[in-house]
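To start, the structure under review is shown below, and the notes come after it.
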Amino acid sequence: MISNDRCPFKVGQSTSGKLDAITDVAGVSVGHYTIDEQGIQTGVTVVRAHPGSHYLYKVPAGVTVINGFGKSVGLLQLAELGVLETPIALTNTFSVSAVAQAQIQQAIASHPEIGRAWPTVNPLVFECNDGYLNDIQVMRVEPKHYHQALAQTSALFEQGAVGAGRGMSCFGLKGGIGSASRLVLVAGSTYTVGALVLSNFGKLQNLSWLGQPLGQTLSQRVQVPQPPSPEKGSIIMLLATDAPLDARQLRRLSVRAGVGLARTGSFFGHGSGDIALAFSTAYTIPALVHEPMPSPTLLHEQQLDGLFEAAADAIEQSIMSSLWCAQSVSGRDGHQRQALRAVHDFASGGQ
Amino acid sequence: MISNDRCPFKVGQSTSGKLDAITDVAGVSVGHYTIDEQGIQTGVTVVRAHPGSHYLYKVPAGVTVINGFGKSVGLLQLAELGVLETPIALTNTFSVSAVAQAQIQQAIASHPEIGRAWPTVNPLVFECNDGYLNDIQVMRVEPKHYHQALAQTSALFEQGAVGAGRGMSCFGLKGGIGSASRLVLVAGSTYTVGALVLSNFGKLQNLSWLGQPLGQTLSQRVQVPQPPSPEKGSIIMLLATDAPLDARQLRRLSVRAGVGLARTGSFFGHGSGDIALAFSTAYTIPALVHEPMPSPTLLHEQQLDGLFEAAADAIEQSIMSSLWCAQSVSGRDGHQRQALRAVHDFASGGQ
Amino acid sequence: MISNDRCPFKVGQSTSGKLDAITDVAGVSVGHYTIDEQGIQTGVTVVRAHPGSHYLYKVPAGVTVINGFGKSVGLLQLAELGVLETPIALTNTFSVSAVAQAQIQQAIASHPEIGRAWPTVNPLVFECNDGYLNDIQVMRVEPKHYHQALAQTSALFEQGAVGAGRGMSCFGLKGGIGSASRLVLVAGSTYTVGALVLSNFGKLQNLSWLGQPLGQTLSQRVQVPQPPSPEKGSIIMLLATDAPLDARQLRRLSVRAGVGLARTGSFFGHGSGDIALAFSTAYTIPALVHEPMPSPTLLHEQQLDGLFEAAADAIEQSIMSSLWCAQSVSGRDGHQRQALRAVHDFASGGQ
Amino acid sequence: MISNDRCPFKVGQSTSGKLDAITDVAGVSVGHYTIDEQGIQTGVTVVRAHPGSHYLYKVPAGVTVINGFGKSVGLLQLAELGVLETPIALTNTFSVSAVAQAQIQQAIASHPEIGRAWPTVNPLVFECNDGYLNDIQVMRVEPKHYHQALAQTSALFEQGAVGAGRGMSCFGLKGGIGSASRLVLVAGSTYTVGALVLSNFGKLQNLSWLGQPLGQTLSQRVQVPQPPSPEKGSIIMLLATDAPLDARQLRRLSVRAGVGLARTGSFFGHGSGDIALAFSTAYTIPALVHEPMPSPTLLHEQQLDGLFEAAADAIEQSIMSSLWCAQSVSGRDGHQRQALRAVHDFASGGQ
């Protein structure tokens, strides 16, 4: 059963979608595979843009690399062609290869022409380093775990210490998967901007909660062990929308993820792979040249501000949600990350 | 006489330099030329990296375009070669050409070989659109105004509604020039990160003051006229440091300006030219091939986080300072922008 | 009267348009203003994408900076928004400001709302350094020369040592303006790819003529004075097409200009500003948000190869044409550049 | 025994190094693992920048993506940090994950602190699609094959249909691994520019051999089967130099690889992943922050032209060498690629 415990604190003035999650964008679904085996705390999360073949019907997408200390794969071709060819996968740094391999297998299984009569497929796997809680050298994630996460994709999904988020740390506390959505009225039409993050960054003293220096308060009474490595983490920020945008406009949308990230207290640290991707479900581009191309009527550039503001808000909300929903986790070598709600009593204002 | 009225609110925990201004970086100086003629409210601001010839002794620099809705010139070559060749100029959108022309004239006057025996010079002029207060169609700025601003460059300089900042608006209030600095200890050495902004962006309700939603408070009792144009503004953010960094590292430093900007309430609006440039004064690169090249010992990449955090803080502080220092200004067609301190009594907490 | 002397040597196997010029793309027109005053040998060339207001009806465009040693203006916003807002202007390095100023004036004259009720306009001016023949320090080009070139725009236009090409040098010989076109059959429709270059690059010994090392032959018997400056030049390469492409695809098209350039003997020298821009006339994007947005059916990515090959061929042909059409010119300080046909008798094979 | 059969045709006027190979750059070594099993024709090639730990002592590097239709991994972090962290690996498209995994294993085996006390490692694997000759769906390459190629690295190495080049096609003929080098005199010092390519692109009729349209001649008498897929291939172009350049300058050097590629007849096709990487062996950057940073005296920007021209020449020569050295290969489903020398008698001029 999927928990419906959600962060009651709200970023911004605008309305959320029904689920306040990325899956408020029609057709988008999310699935997890979580590995919880003592010193192994990791997993895979998959985000689908639509229920069909992502290879045959590609959605437009754009990406922003805020800080490129990262090992994600698939961005080279995405930047050139402006489309997704697979569902989006999230995992830990050393499991990228296993998951990319799984994406290739899955695409071939569906379309045996790939790599023969048809072009190859471009895997798209994002990662953060969960090495504080998870023994990443073990490389426990296998291709089948991607397939299992993919099979679980649904509009309803868990947040917090699940899937790829299982071993992640955020502001020295337990981070992981968070999601949110916002509705935007543009010229009489209501569009949805959904966000999903894999949060794994930040120093406790920098945590800002709706503008309040919560991290400073907490760091006076909570002992947060820092990893010995100067690599402090990363965040992957996904944005989905049903607004008709092209790859160039989606790249612009993805830039605004950095606003939400900065508001929570990140200063885009050197060792943090901070990457944002935005895709639209408003139309698809066929893989096969003989199928008809779409004729989308894109939004006018002057109509984007509402979407930009929603993207910033939804990302900030998603990061908060990743902290709110995460439970405390113990991992390798006795390492622990405490849940935000285990160290702070929001009801009493932290007293 | 230069005013020394400064914003008493302090961003972050770290120490500021003596002046809490970009000119705390040794050798950096700033000068203004202000035009205050009823419907014409504009000017020029110049930032020098060192007292010598910027053409003969180029400083390393990197740039980030957060949102490229802008008409700044000189970034093409800066991105390729990683150096400044002139002082940095700031002005209004339609005065870029006059100022660029002045930079060429000034370089030729100093070095008659330019464009003959020597390569040409790359003007570097940033702009924001001050068209709400200033009648930019008049194109009142002339090349001589750049020369006059250049002649005024000094370690001490005014902030607020001066120079290029004369006609700028920020969060619906009076914006303009702001500056700040932070000291950073890296491996036993203290480095300075200085910032200077030309602020001209934002909607009042979004103004965040040290994390507090000041704009929401103010927008309930202050009437702020919005320009009819959807082009809401821009911000130019300059960072100077004496830390030994190369162009690649300086680009990384400039990326962190976006953190400070986001914290004040910007969501990187569509119509906003949001651009950041960072330069180092630690060494210079000679124009003439027969002069000896420097052999700088750069900071290790893992030593950059303190500088990154300082850059974010100094930019946020500079934006606050641009609001704090600006006086109310009336301009074309009866348009007015009120000073922040004219609409909010900080002493009484706004009551 | 426009000369119709054209280079009889043909690049590639595909068919040219009727004029073998960029103006074979319907609606595109070109005009020059040439300054020929002893030591002043320079000018302005203007390329219109269509006969209407470029501000009100923007064409999609993409740009590639092969080597960014250049002072062109307008590329920042073009990369962000993917559209032209003015006709494209070409001139010498130190006249960019005068021409940019003229573009702003022209836009305001047509649309007094610009910079008031409407956003500002983004000038787009490309340049090469004609300082060997032209005394660029004089800055002889005035805004009115842009207006005059604009008034001359037509489907028929001169090539060679005219307009912005008046003072340019190419492979140590006389360069300047060259143009060509190719027809491409895509899925039953014929599209045109037109090219126009401003050529000002290269060392004589590197000149390759349809793959033949003509420069090596010539350099054994032709004395070519080299400028004292190590800045050897630049090339601006424009591509126009009526194929329905968006800004991302047009950037991809512009990348292929480098192929044509390399084939003629360039190695993309350090001091050369090598820049390519491509635009499509297939649809326009309205400036005013209340006007209807287009719904273009773009070409499928797999249909682009014919256009890519045509772009490479048309650029190579344009460079050859700039050399073939140019007459010998004498300029400042007794400097001279000889026409290719003055130093090589193509009829006799160079004997 | 390594064959020393080399292409007797020489690009350009400059001198080659002793081996006319990338290994003329001191410290650079190359190794292959070749899989030749009927329908499986593929392999792995490894290029080391120096004999030591690439993780502990990183060499500066820059990269250019000419056309991003490709699945190479590692470029994200390389662009941000400007260094290599592993030897460079080449393989087929669907074996990237296996090889990346091997690179991680190898780094951990050498440095067990990776992913624990130290940051993770960034795998760097380039690929081309050899699916015409090789059944890539089988994914025959295993991590051990990388280790075996690494163990074989040496200054002497085979070219042609070996290692990653085993199954590659070039201009419809047999392509694969090619290498070359050039010596460049800069201000009294001689530097080496070495190149190595994995060639897998092009249509026969476009093949240009030292400027001659050899492909047109050949296509009149040689039947070249085209793959059913519109994805025509890719090329990976590596440049090594002992000249002291930083990452920004190395990116500039890598741009010139496109010149050599264009000269051979490529027009940078849509489906071709055309990527160039350049690295310098002149100094290394320590992974550990307490080790001393280098103080390199970089070349002046005006001294780069000789290196740029050498890069273009060495890449063209490498592509020719990949064709010259390759033997005919038969692969899956009876597919065959003929050696260039099997279809053309250079001695008799092709008669």
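Which chain is which? They are A, B, C and D, in the order written, and residues in each are numbered from 1.
What we mean here is this: a residue touches a chain if its C-beta (ideal position, glycine included) is under 8 Å from a C-beta of that chain, and two chains touch if they have at least 3 such contacts.
Computed from a predicted model, the values in this text were never measured in an experiment.
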Label of the chain whose CA centroid is most distant from the centroid of subunit B: D
A-C compared against B-C, more contacting pairs: B-C
Separation of subunit B from subunit C, taking each centre as the mean of its C-alpha atoms, in whole Å: 34
Chain centre separation in whole Å, for subunit D relative to subunit C (CA means): 34
Chain centre separation in whole Å, for subunit C relative to subunit A (CA means): 44
Where subunit D touches two or more other chains at once, by residue number: 67, 80-81, 230, 252, 271, 289, 301-302
Sites on subunit D touched by subunit C in the complex: 66-67, 208, 211-213, 230, 252, 255-256, 258-259, 262-263, 266-271, 301-302, 304-305, 308-309, 312
Contacting residues of subunit A [partner subunit C, same complex]: 80-82, 246-248, 252, 285-286, 289, 292-303
Residues of subunit C that touch subunit B when the two form their complex: 65, 67-77, 79-81, 93-94, 96-98, 100-101, 104, 108, 112, 114-120, 122-123, 129, 131, 136-137, 139, 228-231, 271, 273, 289
